Structure formats: structure tokens, C-alpha cells
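Two complexes follow with subunit A in common, the first pairing it with subunit B and the second with subunit C.
The block that comes next holds the complex of A and B.
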């Protein structure tokens, strides 16, 4: 029984993290066809930003979160403007540029903070017990924040004019442009939202993880698996795919022997099995081939 | 005697009329000479070691180009072939005592098998889906390596395999002759009919299928060929370093290969090889700024991409050579008329 609750909690937390990351990644891919490998590097930057503000400057965690989100979003938009936008037409060049960007962030952090493992205190201390299992308030908070953010994003995309512009650009760039939507500005905004989501994820998840300069790699792989599983560009797919893989990972960690080593393998195998049955992912639509 | 003289004269004519006229061909000849004559100038063990590794990685980068550059099937998990080649060669050598000249090709065949296994499901995917899915395979394998550590050595890898050859200088020659040979073979493949179909698949797969070509078969062929060459690189690496560890399967190696290839210019074969020969020794030999090495490397790649998105060597080649508008033959940029059809060059 305890094991079941452990699995559920761990699955929900993992799933929410992956969902937040994958939605941001999926959004910018859908709108601007940018595969942003540096997405989780922005997540890492937010985590470090919070570490600096709370531990080095001694300010409150709430300020730290705000600062992290604003700064990282700005940085994301600047890099989009000066690095990604000029080479957007070359798909492979964008891939390499974002990989290089992620490596640059990693190296800068490695030089500034060295490779030591850092940690950040929880926003709220303490825990409560359900059926004899400790649930930390921070875990509950992370989960609730993730749900809240996803709700807000859904409202933004579904109910506002800007959301409409983003969705129509994602469906067809040229027609959206003909309808009077400033495509370049929408792409810029989407990049901001996407990086902002990554920063937010970093901000709510950071107390539960270890902060170190290579922390971007493992969520990157899981995030990509989620996005491919759910279908590229589909937000609903990313959401559901994230929980599928989050629970798959939790089940393996708690049930299989040597699970910690195999968790990535099993989650990725799940992804490949689904792709064999549905090559476009669970909820993906094949984009009209752009010839 | 007559015959030898005839061939010598023919060789000289080819050299005079086909090689000297184009700077890029002269550079290729100089590159061959450089690779073959390097040990004459330096006997330094460290430099030879670095250039041996450079040769191994150049084979790897060129094999990525053969698959992803030519057919456009972006493979982000190229380390899989390298790692399977390395582990295959190491296990065969350790348990069955097969010497390196046998274990490396057999390891490469294991990599071909891996290419088939991942190729068959992956060929239903396109573009970014394919890129992100192929990224997963080496990570799955790395998980298995850690989980069955009694067989694969886990984190430490498999050590104690036999040396490639007895001396460093012969190691160097084995690798560099293989590099030049395999590079030439790859270039020849891409220049043949198969290569033309690869090009066509990248440009417009639907049209190729409409002309009656079984594109799936050709894409699978590309996976196998690329897997074979990358597997040879992996086997060479395992025998040269005398260890096959999980670092041969890491994501960063896959990324590194892609960076080399795109830095040098994809769809060229010579681009990735040149890029590895430029970047790898540079990063190893530059001893100052040790801690900022990767950082400067990443910045350099970023700048190159911003100003020459087609890759460095393509860009350089376009600076020193012009294509004749009428007969599509390449000419030195200093000429005013085409060397074949005398049409004026712009």
C-alpha cells in the first residue's frame, strides 16, 4: 500500500515536471518549427538563478522565483532574436545552434559555480502523512503549481486574442500571415512563453532536485520522449504523454531490480513501442509536408 | 616497361589537367600527403595519439554525413553505432580471443545489425520525429549496460582487450590508411547511382517513390552502410584505447558528431573529415585556457553557423572556386572563362 502511494506521488511529480517542460518545447516547435535543444538549459539557468538569489543574496524565495522567471525569459528572447532568428530557415543549423547554446550555458555555470552539487531549501517546510507515507508540502506545492500553470496556459491559448494568433500561426504560418498576424512577433512571444515555462518549471521543481551544471541532460531526453510520444506540436499529447512516462519511470524505479539504471531505458522503450503503432505520436497530426 | 611508362604518363596527365587546375583537389592531395607523412616529421607519442583519435572520429563524422547528410534522415543517436562497434569488438576479443583484424569488422557487423534493428521501426518516422527517436536508442543501451554490469563491465567498461598493434606509429598508420580508404569509399558511394538516389530522397521523397524507387530499401541501406563505417570507428577506438566504456554511447558523443559534421558542411563527406581534423587537434593541443576550452569551442560553432550556415568548408570552397553557368564544371575563382567550354564566368 505504501509502495502504491509512493509510486503515485513520484509519478505525479515527474509527470508534472515533464508536462511543463514538454508543453513549452512543443509550443515553440508548433509555432516556429524550432527544435530548441537548449530548452532544459533555460530550466537549469532558472534553478541557478534561484540558488544565487536565496543563498548568496539571502532574499526570500518568492523574489527568487520572480527574478528567475523574468531574467530567464528575457535571456531566452534575446537569444532568439540574435542567434536563432537569423538561421531559422536552416533546420539543422538551428539544432546545432541550440545544442551549442546549451553547452555554452553549461560551461559558464561550470566555471562560475564549479561542478559541486548544490541544493535549495523548500519554499514550505514540513510534511503530512497519508496512510503512513510522508508527503512533503513542497511536493504538493510543486504538483499544484504545475496544474495551475497548465490551467493558465490553457486559458491564455484558448481564450485570448494572442492565444488565437499563436494557434493559427501553428496551424499555417503563411495563411496566418495573410490574415494580418505579425508572424515574427508571434514567434518571438511564443519563444518568450516557452522559455518562461521552462523557467517556471525550474523555479517550482528546484527544491526537489540537485542543482549542478549537467542537470539539463536527463530532463531533456525525457522531455523529448514525451513530446515525440504525445505528438509534436500537440499540447494535449504532451500533457498525457508526460504522465504516461512519469508513471512508467516511477513504476520501474520502485518495482524493478536495479530500476534506477533502467528507468530511462524503460520510458524510452514505451515511447518507441507507441511510435511503432502510431508513427505520428498519440495525438499528433502529420504536418503537411513542406516542400 | 612500356606499360608502366604509359600509366605514369597517364597519371601525370591526370595530375596536370584535373588536379592542379582546382585548388580544392590540390588541398585534398596535400591532405593525403599530410596524413601519410606526419610521422616522418614528428615522433612525439602524444601528437601521434591525438591524430590517431582524430582519424577515428573523422571516420565517425563522415559516416554520420553519409546517413544524415545525404538521405536527410537526421540521426541524433549516432553514438549507438560507435558504441555497439566498440562493445562488439571488445567482447569478441575478450571472450573469443579474436585478434583486432577480425574483431573490428565483426564488431562493425554488430553495428550494422543495430542499424537494421533501429532502422526498421524508425523508417516510418520523418524529420524531427526521427531525430528525437534515434536519440533514445543509445540511452536505452546505456541503461542496459549499467543494469547487466557483470557482462558489460558497467560504469568501468570492458578493459584488458588486446592492443590494435604493438607500436603507436603502426596504430597511427592503421587508422589513417583506414580513414583515407574508407573516406574514399564513402565518397565513391555518394558519387554513384546509390548516392544520387540518396540525394533525391533528401530533396523529395515522394517524387522518388513516384519514379518507382523503393525508398525504404535505400534508407535502410543508408542506415546499414553508415552503421558499418561507424562500427569500424568504434572497434578501432576500443582497441586503440584498450577500453570500451559507456562513454562511447553518451549523448554528448552523438551531439559532438552532429556538431563536427554541420561545422564542416553536410552532404560533402570531406566537410566532416576536415572539421574533425581542424577542431579535434586544436582543442587537444591548445593547452592554455584549459577550463574555457569547451566554451570557446561552442562559441566558435555558433559564430560559424551565423555567418556560414552551409558549413565552413563549403563556404571556403565557394570562395576559391566558381561553377560554370553553362556546363556546371568547377573553375578557379581567378579565371574569367570556363576551362572546358570557354563560356564567360560571372
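The block that comes next holds the complex of A and C.
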């Protein structure tokens, strides 16, 4: 019984981080067909931003979080305008450009901060015990943030004019354009929301992790796995896929402690198995070119 | 002064200037390659230790090689070995073929040092390893002396002795727990990162702890770069472990210590945690790494011998932090290479090897004596034990990294008691008293 509780709680916590990252990635892919490999690099930039504001400038964590989200979102939109938009029609070029961008961010941070492992204080310090399992308040915050973001995105996409524009663009860019929707602006706004979500993830997760210039790589692999598992471009798929892989990881740690380092590989194996049965992923979205 | 004299004076000055410039330019130098992951703390330690040694030696006129004095020129090589072993071998190849160094010091990951070793040996250059612990590095010397004789271990001692020292630290903590917390049977969890150097430590630990009267409750192998270990910690807490034996050299040492401290897991961490050796650990764990005990080489105020304090404080004055073990490039240059070159009066590698392997010499961390294997073949590995190298154990106590071992330590019941100057008693976390004290 104790083991089950441990697995459930760990799975929910692991899954929340992946969900936060994967939703943002999935959103921009679903709307603009942009595979933004630099998504987790923006998450890393937010983490460094929080480090600078809290540890170097001595300001409060909440201010640091807000500054990180605003600055990184702006940077994401600038990146879209000057780097991604000009080559947007060439998907492979976008893919390569965003890989290059992520590596540029990594190298800049490596040169400025070196490879020293850094950390930031928790937004809410301490832990609570639930059914005998100790859970950080920060982890609870991550879990709540994942649910809240999902709720807000659902409201944004389903209840607002902007959401309607985003959905229309996601369904058929050309027709949306003919209907008077400024497709380029929608894509840019979506990029802003997507990168903002990466920054928010960085902000809530960074106190639980260490800040270093390669911290974008490991979540990138898991995020891609979640998105592929859930179905490219499907927000619901990303959300559910994230928790499936989160639980897969927790199962490995608790049932095979000697193989705890394999938790990432096992999660990726789960992804492959699902894809063998459903190549489009759990909730795959078909695009007009594929219909 | 007439025009002709002025011209003569000008020519004389120009000649003198050119002569002195050429003397500086073409003066004989000893080139020492310093190889390590330079963008990381380990590489910085390599470089800083070497720079300190070179500055001190050059300030005294350099190294006496036969009749002349030669200054040291350091060549930095970024091995980037955490990320790419190919980068590491390329860096070593560059040192050999482009920079044409006379000696190499450094190296950190065993996985990278093994191929780096092959390159240095191929060029017959002495390579003093200042970071990798795998025994294979020195076993190669015994097995194929002709090829590998140019390799010497500088620091740390091999993983067999690292684990032996760590077992002694665990035994000391277990004794304290029995004494102060009245725990009759100590339960121990083994947590080792998944890395080559840590692999031999798992069976050794599983075999040895029961002989020490402890119960091994489980083995966990997180990734060396894991950032969240709360699941592992939950499982460890459920196992009822009193001691967590850590085997970490990578970044996982930080989140593990931070999260265990924050969750107040009622078990003390003892073992190897390279990140916990650094001054920055307290800040990196946001102060949650309190009471973590780890094997170490240097700490403020701790003196193994008369060379320890001058080195440690010179290092702190120059770099603002306590040296970690990779800074033993200092000892490699100052106490291994310099006296050997001066004794040989040449830079010939073969001649130097024959002198160095037979020397017994003092360094800031203890006395170096190179071992031989059971068949009497040279290993160029470091001797462990009282009177030689023992290392120290340090513990984070309320923001200070203090030396806690050897403290009234006897290697055998007949051995003399060893306590280094500046060592203080270990402390158990208060939450352990709360959890176990009846």
C-alpha cells in the first residue's frame, strides 16, 4: 500500500513538470507547425534569470519569477520575429535553427556562469506529509500550476476570440487567413504563450533542480517523448502523456532501485510501445496535409 | 655628443634590446600541459593548482635542469570530458603534437582519462593523473610497463582505497549512532551514481557492510545528472535506513543533499560526494546540505603535515576558496616533477620515470609512495594508510566545512592513534536525535 502511494505521488509530481513543458511545445507546433527545439532552452534562460535576480540582485523570488516570465517571453517573441518567421515555411530549417539557438544559449551561459552548479531558493519553503509521503510545497505548486495552466489554456482556446483565431489557424492556416485572421500575428502570439509557459515551468521547477548550462537537454528529451506519445499538436494528449511517462519513471525508481538511472529510458520505451500500437500517438491531430 | 656618437649609442641600445628580447623569446622553458574540464570546477582546480605551483617555482628562478634554470610554461587544454570523450582525446593529442609539452597533469573522468592515457604514453610523456580513480589506470602500468610506465597517479588514491576510507568513515558514524542513539542494528542504504568508477564500489559495499554488523536495506543508482531524487529519497525513508552511503562525483550530489536535508530524512549521508567538498556546496544546496559527511583532501584549519597549511592558505589567498583534490596539480608539479627533474638533470622521460617511481616524498596531503602489485611490478599507484595518504573526512556543520576524520583513528588495534591537527568531532543531525532517541 505504501509503495502504491509513493508511486502515485511521485508520478503526479514528475508528470506535472513534463506536462507544463509539453503543453507549450505542443501549442506552437499545433498552431504554427513550428518544432521549437529551443523550448527547454527558454526554460533554462528563465532559471538563470531567477538565479540572477534572487542571488545576484538580492530581490524577492516572486519578482524574480515575474521578471523571468516577462523577459523570456519577450525574447521568445523577438526570436520568432527575426529568426523563425523568415524561415517558417521550411520546417527542417526551423528545426535546425532552433537547435542552433539552444546551443548558442547554452554556450553563452557556459561562458558567463561557467559550468558551476547553481541553485535558487524555493518560492514556498518546506514540505508536508500526505499518507506518509513527504512532498515539497514547491512540488505541490508545480502540480497546481500544471492544472491551472491547462484550465487557463482551455478557457483561452475555447472561450475567447483569440482562442478561436488560434484554433482556426491550427485547423487550416490558409482558410483562416482568407477569413481575415492575421495568421502571422496569431503565430507570434502563440509563440509568446508557448515560450511564456516554458519560462513559467522554469520558474516553478528551478528551486527543485540545479541551474547549469546543460539543464535544457534532459527535459527536452522527455518533453519530446511526451508530445509524441500524446499525439503531435494535441494539448490533451500532451497532458495525459506527461503523466503516463511520469508514472513510468516513478515505477522504475520504486520497483527497480538498482536501475533508477534507467527511468528516462523506460519512459521512452513506453512511448515506443504506444507508437507501435497507435502511430499517431494517443490523441494525434491530423493536419490538412495529412488528410 | 656629435651625430656619429649618437648613431653608435642608438645602435648599441637597439642591439641590447634585440638581444634581451631574443633571450626571453628563445629561453628554454619546460612546457607542462594542464588538461581538464576547464569550464567546470574540477578543471578550474586543475588549472589553479598548476598556476600556483608554476608561479612559485618561476619566482624562485625556475627548475634547475643540469647547469641551467628553466621556467615553467603552462599550456591549458580544455578536455570538455563531461560532455565528450572525443574532445578529451583531441585535447590530449593537441598537447602532444601541436604544443609539444614535456609533461601533462590533470584529467578527471576515468572514462576519458583511459584513452587520454594511451595518447600520452604513445608520445612517451609523463602524465600525472589528478582526478580519475579507476584502478585500471595503474593496473595497465603493471601489466604493460614498457608502454604505460610514464603514467603516475597524483590524486585521488584509487577507488578501492577511496571506498576503504569511506567504509572507515561509515564505521565511525555507526559507532556514534549506536552510542548516542542506542540503535542496536544500523541499517544502511547505498546510493551510487551510475558511472564506471562507482561500479566496483557496489559489490564491495554490499559485501563489507554486513561484516561491519550493518544491514544493507537497498541499493539505488540514480543518473549522475539527475536533478530530482525525491522518489529515491521516499524509498530510502521507507526502507528505514539510518545511514545513506553516497557515491557521487557528479551534479546529483547537490539535489540529493538538498532534497534529503529539506525533507529531513532521518538518515545521515556519509561517503563520497565531490560536490560537497567545495565551498560552493552550502550555497548550491541553499543551506540544506547540513551534516553531509564526505571524503575529502583539504579543509580550512586541518593540517596533515607542515606543507598542508602553506598550500591551502596560499590557494585561499589567491582564489578565495579551499582547494579541492583536483588542485593537487600543485603537488604534481611542485613535489613530483620539480625535484625529480632536478635530481635527474634532464627532461628525458625514461630517466625521470626511473627516479620518480622510487621516490618517497611529502606533499600537502601526505606522503607519496608508489605501490607495487603482489608480484612486485610497479603500479605507479598511491599507497594508502597512516604515514602515507589517508585523506580526511569533512562535514558541513552550520555553514562551515570542517575536518572530522581521522579523529583518534587506529587502522588496527595495534596501530598508533591518528588525529590530524584541526580535526573536530562529527555531529549527527538534530532530526535524527528526534527520530531515534528514546
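We take it that the second predicted complex is superposed on the first by the 283 of 291 C-alpha atoms of A that agree within 3 Å, B and C clash if a C-alpha of one lies under 4 Å from a C-alpha of the other, contacts with A are read in each partner's own complex, and residues count from 1 in each chain.
Here is the rule we go by: a contact is a pair of C-beta atoms (placed from the backbone, for glycine too) under 8 Å apart; a residue touches a chain by one contact, two chains touch by 3 or more.
Everything numeric here is computed off the predicted structure, so don't read it as measured data.
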* Check the residue A:139 against both partner chains and state whether it touches subunit B (first), subunit C (second), both, or neither. => second
* Figure out whether A:52 sits in contact with subunit B (first) or subunit C (second), or with both, or with neither. => neither
* To do: With the two complexes superposed on chain A, say which partner A:261 touches: subunit B (first), subunit C (second), both, or neither.
  => both
* Figure out whether A:188 sits in contact with subunit B (first) or subunit C (second), or with both, or with neither. => neither
* Considering only the touch criterion stated at the top, classify A:271 as touching first (subunit B), second (subunit C), both, or neither. => first
* In the superposed arrangement, which partner chain does A:150 touch: subunit B (first), subunit C (second), both, or neither? -> neither
* To do: Figure out whether A:164 sits in contact with subunit B (first) or subunit C (second), or with both, or with neither.
  => neither
* To do: With the two complexes superposed on chain A, say which partner A:75 touches: subunit B (first), subunit C (second), both, or neither.
  => neither
* Asked: If you stack the two complexes on chain A, which partner ends up touching A:14: first (subunit B), second (subunit C), both, or neither?
  -> second
* **Common interface residues of subunit A - those touching subunit B in one complex and subunit C in the other** => 111, 258, 261, 263-264
* **Residues of subunit A that touch subunit B when the two form their complex** => 29, 35, 83, 86-87, 90, 92-93, 95-97, 99-101, 103-104, 107-108, 111, 217, 221, 224-225, 227-228, 232, 258, 261-266, 268-269, 271-272, 275-276, 279-281, 286, 289, 291
* Asked: Where on subunit C does subunit A make contact in their complex?
  -> 37, 39-41, 44, 82-83, 193-194, 218-228, 230-235, 237-238, 251, 254-255, 258-259, 262-263, 275, 280, 283-286
* Structure fact -> Within the complex, subunit C is touched by subunit A residues 2-3, 6, 9-10, 13-14, 55, 110-111, 114-122, 126-127, 133-136, 139, 208-210, 212, 214-215, 218, 249-250, 253-254, 257-261, 263-264
* Structure fact -> As the complex stands, subunit B meets subunit A at residues 74, 121, 124-126, 128-129, 131-133, 135-137, 139-144, 146-147, 204, 206, 251, 255, 258-259, 262-263, 266, 291-292, 294-295, 297-299, 301-302, 305-306, 309
